[in-house]
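Each remark here refers to the structure printed beneath this line.
Per-chain numbering from 1; labels A, B, C, D and E assigned in written order.
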Amino acid sequence: MTALGVAAPERLADLKRRLPTGARLHFSVLALVLVVMAFLPLVVPESALPVAIRTLVFAIMAVGWNLMSGYGGMFSFGHAAFFGVGAYTNAYLLTAFGVSPWIGMIVGAGLSAGVGVLIAYLCLKYKLAGSYFALATFAFAQMFLLVTLNMEFLNKSEGINIPLLPEESWSMLQFDQGSLYYYWIPLVLLGVAVAVSISFVYSRPGQFAQAIRDDPTAAESLGIKVMKYRLIPVALSCAVTAVAGAFYTQYYLFIGPDQAFGLHVSTDAIIPAVIGGIGTIWGPLIGAAVIGPLSAVVAGFLRDPPPFLEFLYGTSGLDIAIYAILLILIVVFLPKGIYGTIRERRRK
Amino acid sequence: MLTTERGRIVLGLFAITVLGIAAVYLFGGKDSNLVTQTVVTGLLLGGVYVLVSLGLTLIFGVLGIVNFAQGAMLAMAMYLVYFMVSSAGINPYLAVVLSAPIMFGFGWLVQSTLMNRLITDVGHSRPLLVTLGLSLLISNTLLMIFGGRPLNVPSPYAGSVQILGAIADVPRIIAFVGAVIVAGGLIVILRKSPLGLAIRAVAANGTGASLVGVNVKRIYAMTFGLGAASVGVAGGLLAPFTSLVPSAGDQFTTLAFVIVVLGGLGSVPGALVGGIFIGLLQTVGSLFLPGSGPLLLVFGMFVLVLFLRPQGLFGANK
Amino acid sequence: MSLLVLDGLSKSFGGLVALGNVNLEIADREYLGIIGPNGAGKTTLLSVLAGQLRPTSGKIVFDGQDITGWSADRVASVGLVRTFQLMRPFESMTVLENVAIASHNKIRSIPKARDHAADVIDRVGLGTYKDAMSGTLPTAGLKRLELARALALEPRVLLLDEVLAGLVPTERAPIIDLLREIHQDGVTVLFVEHIMAAVLALSERLLVMHEGQQLALGVPADVIQDVAVVDAYLGEDY
Amino acid sequence: MLLEVKNVRAGYRKLEILHELSLHVGSGEIVSLIGANGAGKTTTLRSLAGLIHPSSGEILFEGVPLQSARPDQIVRAGLVHVAQDRALFGGLQVIENLVMGAYTQPKSSVRASLERVFDLFPILQSRRTQRAETMSGGQQQMLAIGRALMAQPKCLTLDEPSIGLAPNLVAQVFAAIQKIRDDGATVLIVEQNASQALAISDRAYVLESGSVVLEGTGQELADSAEVRKAYLGM
Amino acid sequence: MKKHTLVVVAVAVALGMSGCSGTSNVAAGGDSVDSVTIGSIHPLSGSLSGVGGLMNAGAKMAVADINEAGGIESLGGATLVLNEGDSQGKAEIGQSEAQRLISEGAVALIGTYQSDVTQNVASVAERAKVPLVIDVAVDDKILEQGYSYSFRIQPDATSMGASGARSLIAMGEATGTEIDTVAYIHIEGAFGGSVFEAFKTEAEATGITVADEITYSGANFSDATTQVTQALASDPDVIVVTGYFPDNLLIAEAVNALKPDIKAVFGIASGAYDDNSFPAAAGEAASNILSANYHYSATSDRVADIRTRFEAANGESMETASMLSYQAVEVIAAALEESGSVDPEVLRDAISALSLTDPLLEFNGPIEFDENGQNINATVVVMQVQDGAVEQVFPTEIATKEAILPAFSR
């Protein structure tokens, strides 16, 4: 064996104390954010709640997407596939067998991870990278959409309705309209998703995955099994995204092919992450917090414009056009996303 | 050697297509007039796809931009033609000639003000998101100006003719011919003109091009402009047989990507062959598969091509 | 006995022969220098040995085991580890994390891997840069990082690709000392290098390559006098 | 002085490779830069070509500062670079590569320039419709030089023109370089093949670790023990 | 002018029932409030923004008309306020808009055009106990959930398919046109599928053969020649079509190009064939095409007045969908008037008990809802494009022109 020295015990203890600072800091921030966010519904108007919930769903998806595309370096343009698998698994198990959505969520996550690993394995095996990888994942999402349209047991284009229950039920994840549980549950799910991200990023497989993202050749030369550690973040990513899909179904009580597998689902996962900062823990959250309410805020502003902008009232499409302009500007002028750019500035 | 490989591919694809159609005639259990009509329809639909894909293959092939605004730009061109026809009463095919330079200017502007800022980026997520934003912006601006009610551009040459016992719509034939002309025009521009040579040089080796004195970003802007101008022609030729709504182009965006990857990035002949092939595949497929079945066939083939020949039929071997 | 045996190793890309029939036996704890002009096939040789490239023909036997065609990660984990001429740090990571990646190969626990990595970093003299982002290191630092990552795998054979290139002489000396130490600790080294002073100082045997072929092999001082070598290097008229 | 490099610092991102490098090239000279791998030879030429921008220092070409100019502007100024990887347009024909070389030149001059290049490298004429990527290394090098000549350079910079070439081709290339100078251009050449380079050079610089350590006429350096040492360590 | 009569059919507008709801902030009967908010949700942007905009304008006009006529008398002349929501054509946006509108005080909702969006909005309405009056959304399933707060004015897919079949048969008999075989082209999915199934059941019961069923994907449809040719291969007497505007247009154009020997093209629940922009858009291809669909009453003076004013105000022709939105507001206004309450639950009961005569559409009778919330008198009429205009041709009592059948003489 080599003559590399073995660490002295006291140094080891010292390092142990120092080591998880990054992770520990992130966990503390997460706890703080969750606590603050938990009280948010008490200060915002009730009408903002649906927007807040949709934003939380975006955030979970973006955190999921970020695991694969940010930390894993594989740009997925078809995360709708994994969202949809989660959504449909939950809907189908519930309506066909009366399975609790909580179990449906877990089964969906598992299934989605499996599907994701298979797709990513094929793409990597055939050495697709960059735009080609993105287009291949996109094509798979489209194929899922088309297959669902032709699946009798998934109700084809009609989609699946989650039956309304006579009363609230924790086990069936159904509450009254406007119940704050519909806010707190995705908040907790988001918390779990971020916690998974943090743990993964600082774990051995997570470190390997990031090394591979930075330089696969160098990583391989250091003994890392490249395929294996590429597929781990893919699996996690798909599972997290599927959870968002399952919750979506429960909250909206409906899932159809377009809601599950449409192109906009994939972009809903990507845009917050890119806006916030790819490959960072907090980027997807910040991006979702900006993008989620943006279109609602712009629309609200135009519904009740200040006098000098009165002429804009009722112009349909204007709210989305403004949203589009903001999106373009953020992407063009904040190359690393909001959080990524701030972090970079701070480092300098 | 590559030329012969390309030749083999064209020949192979042609043989597969002919054999496939022959098989449908012989064993498809369909009326032969129906099959003939389907093939003619498929060819004409292929012409439409070619038109939509030509601009994209330039933009994707040379600039590497996954342009998700392709459909929206198509709609923009259609409305441009609509506007000229309805306000000035000019012949729509004359309007096409006018819309092309306007779209060129638009494309040039997009590339030089937005995209050129992103070109140094290693990732491709940002150009993609910008085009996504652009697509939203264009279609909602169209909505604000023209409203969402379907509009139409009357073709001065409405009617149909018989081809081999099949009926073909005249505006669609014009579009098909237009597709071949635009493809031919692009090939001539790329092969014979100094600009085309510079575009190909930039695509082949950007550093090399800058070392012979090419302002690469300017060529990028010209390329996006040229791509947009092709879209301009496409929109104009499609307008007479399309109901104009702001989202009219959206259904073509994904198919255009399939065609461009199938044909090979940046390959105009590839887009030509790929577009016609997909048009045939879809229409002949619809004889046997209901609803979205043919589309599933198309995407299935797309994934196979990505896996087995990612450089596309006409792409150079890397 | 020979630790590493290269038996008729060849590699061609398309029609181009990058490596033509290399036969070599490397003893345990040997220090083998490899020189040759650009394009001689030195880096290709290392890549083939490290499993990054599959040889067109021939065999690689390491410690009695045929490892021909093994994947790079497998080769690395049995102890045949390379460095890269153009440094390839994991840029989003700190120096410590970079090295810990390698330590993790044998050590699952994160704190233990980091301890191990920290020791290696100290050993290569990068201690003060431990928490710096690897992308911000100067060339000399990157070279040491490259070395540290390889060492953290506790290799039996180190395949070094121009670790000294791009360094000023004052930066070279400590690294040469380090390399000598590593060798003395029992690591077999294949040393591709242009800096002749270092090659001569460290190598026990010297292999000269030219156009994918073995041009000369032997004691450094003898090899260097070989006219063919001088021609290959400096051109015929020198 | 045609070209002056004054105290240039340059490199890649945070890696500084050139430390206060200074050199000059007079009109009509062949000047070579020699030195070990990593000494900064290529970085010097890339800075001159505008592919990287110095963080400090000045590059004056005919007295005009070029350190922050774009590559295409530098070509228009008359300083043309042949990169080590040749940066050819692989999928394009030989003739197309050459015509692109004259991108900055008036159309009327293309025919004459082509004749001059074909005169220098007759092989290019017989291969005019061949795709550049399918040619041998030596032919590619000739094409790269030929393409650069199409831009009518006042000063040509060549990065390792002999790399990967068989000895007889090396000789051809160096003969061509001499001919180019005789036709009136100035040449700055980076070479590892020191003896060949020094043999045709009027002057040469030895680079080590990003600065000039030796300067002299080609003959002086060819005879220098220090150069020998820098390369072979003896 | 608001001069329609209200007839209370069911008297079980339970004061007691509203008493059950402890949260009710309003006592039944003669509340005095200044204004009552109705929430409207339509696709104002996205691919359906055209029709969505018209519907929104229709609802706005209804509110303005009612206010001008003195508001809700039983609420002390309270005015109506329309709070507009944009679903963007997306189900989840529709849902959050519904929640927003309710939280901003809407006592009832109208909308939404698309079945999937309506589905989501209906579940919000049900849970928030706020009535939803569906103006347009065809899917049977929406009202099959056992929801008690959703009401639909237009006929559902199944009844449209069935009455479409009956109308076709009756028209054939009336004109002496032999119709034995039909081929059916419809859009893939629930809408096309359920209309087709209902048609087929009804048609085959009377001995008509449905020789071929051809489906296409709405997501990617830019040439209908193959589908039409395929339909013609079974040598049908009539081609029946169900789908959206652009697809219908393509099919009409393909038929026109092929000039086949068929007796008619007959749309059922077609997005284009009874739209007033269709004759201009399709030109020659539109000529004599038949369409069985719910339709604004072309024989009513009140409707004619509304349409004239609408066109003057909006510069666009008021289509049936827009008229349905107008009608939906009227339904809510009538229920407000009847109940004299702004309590949504009371309002729901009032809607459920409503019988609104003089509907704006050609229906079989007053607007009355069954236990599922479906308007029992909703039905289709048959229209035909004649001389560049959409005319009502069947049943004969509401016909503005006589039907031309066979429609083509080839």
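The working rule: contacts are C-beta pairs under 8 Å (C-beta built on N, C-alpha and C of every residue); 3 or more make two chains touch, one makes a residue touch a chain.
For clarity, every value in this text was computed on a predicted model and none was experimentally measured.
Asks: Counting one step for each move to a touching chain, how far apart are chain B and chain E?
Replies: 1
Asks: By label order, what chains touch chain A and chain C together?
Replies: Per touch definition, common to chain A and chain C: zero chains.
Asks: With chain centres defined as mean CA positions, report which chain is farthest from chain C.
Replies: Taking each chain's C-alpha mean as its centre, the farthest from chain C is E.
Asks: Let me have the rounded angstrom distance from the C-alpha centre of chain A over to the C-alpha centre of chain D, please.
Replies: Between these chains, centre-to-centre, one finds 51 Å.
Asks: Using mean CA coordinates as chain centres, what's the chain C-chain E distance in Å?
Replies: Roughly 77 Å, centre to centre.
Asks: Determine the centre-to-centre distance between chain A and chain B, using the mean Cα coordinates as centres, and give it in whole Å.
Replies: Comparing mean C-alpha positions, chain B is 33 Å from chain A.
Asks: Note the residues in chain D that touch 2 or more other chains, in rising order.
Replies: none
Asks: Spell out, as numbers or ranges, the residues of chain C touching 2 or more other chains.
Replies: Not one residue of chain C touches more than one other chain, so the list is empty.
Asks: Find every residue in chain E that makes contact with two or more other chains and list them.
Replies: If we look for residues of chain E contacting two or more partner chains, we find 45, 49, 52-53, 188-189, 217.
Asks: If I apply the definition of touch given earlier, which pairs of chains qualify?
Replies: Contacting pairs: A-B, A-C, A-E, B-D, B-E, C-D.
Asks: Give the list of chain D residues in touch with chain C in this complex.
Replies: Residue list for chain D touching chain C: 13-17, 36-38, 160, 163-164, 167, 170, 192-196, 199, 208-210, 231-234.
Asks: What does chain B use to touch chain A in their complex?
Replies: Interface residues on chain B, with respect to chain A: 60, 64, 66, 114, 117-118, 121, 123-126, 128-130, 132-134, 136-137, 139-141, 143-144, 148, 246, 254, 257-258, 261, 291-293, 295-296, 299-300, 302-303, 306-308, 310.
Asks: Please give the residue numbers of chain C that touch chain D in the complex, ascending.
Replies: On the chain C side, the touching residues are 37-39, 135-139, 142, 162, 165-169, 194-197, 199-200, 224, 230, 233-238.
Asks: Along chain D, where are the residues that touch chain B in the complex?
Replies: Listed in rising order, the residues are 49-51, 70-72, 75-76, 80-83, 86-92, 96-97, 99-104, 131, 134, 147-148, 150-151.
Asks: Given the complex with chain B, which residues does chain E contribute to the contact?
Replies: Residue positions touching the partner: 45-54, 188-189, 213-217, 219-223, 225-227, 229-230, 232-233, 245-246, 249-250, 253-254, 256-259, 277, 280-281, 283-284, 316.
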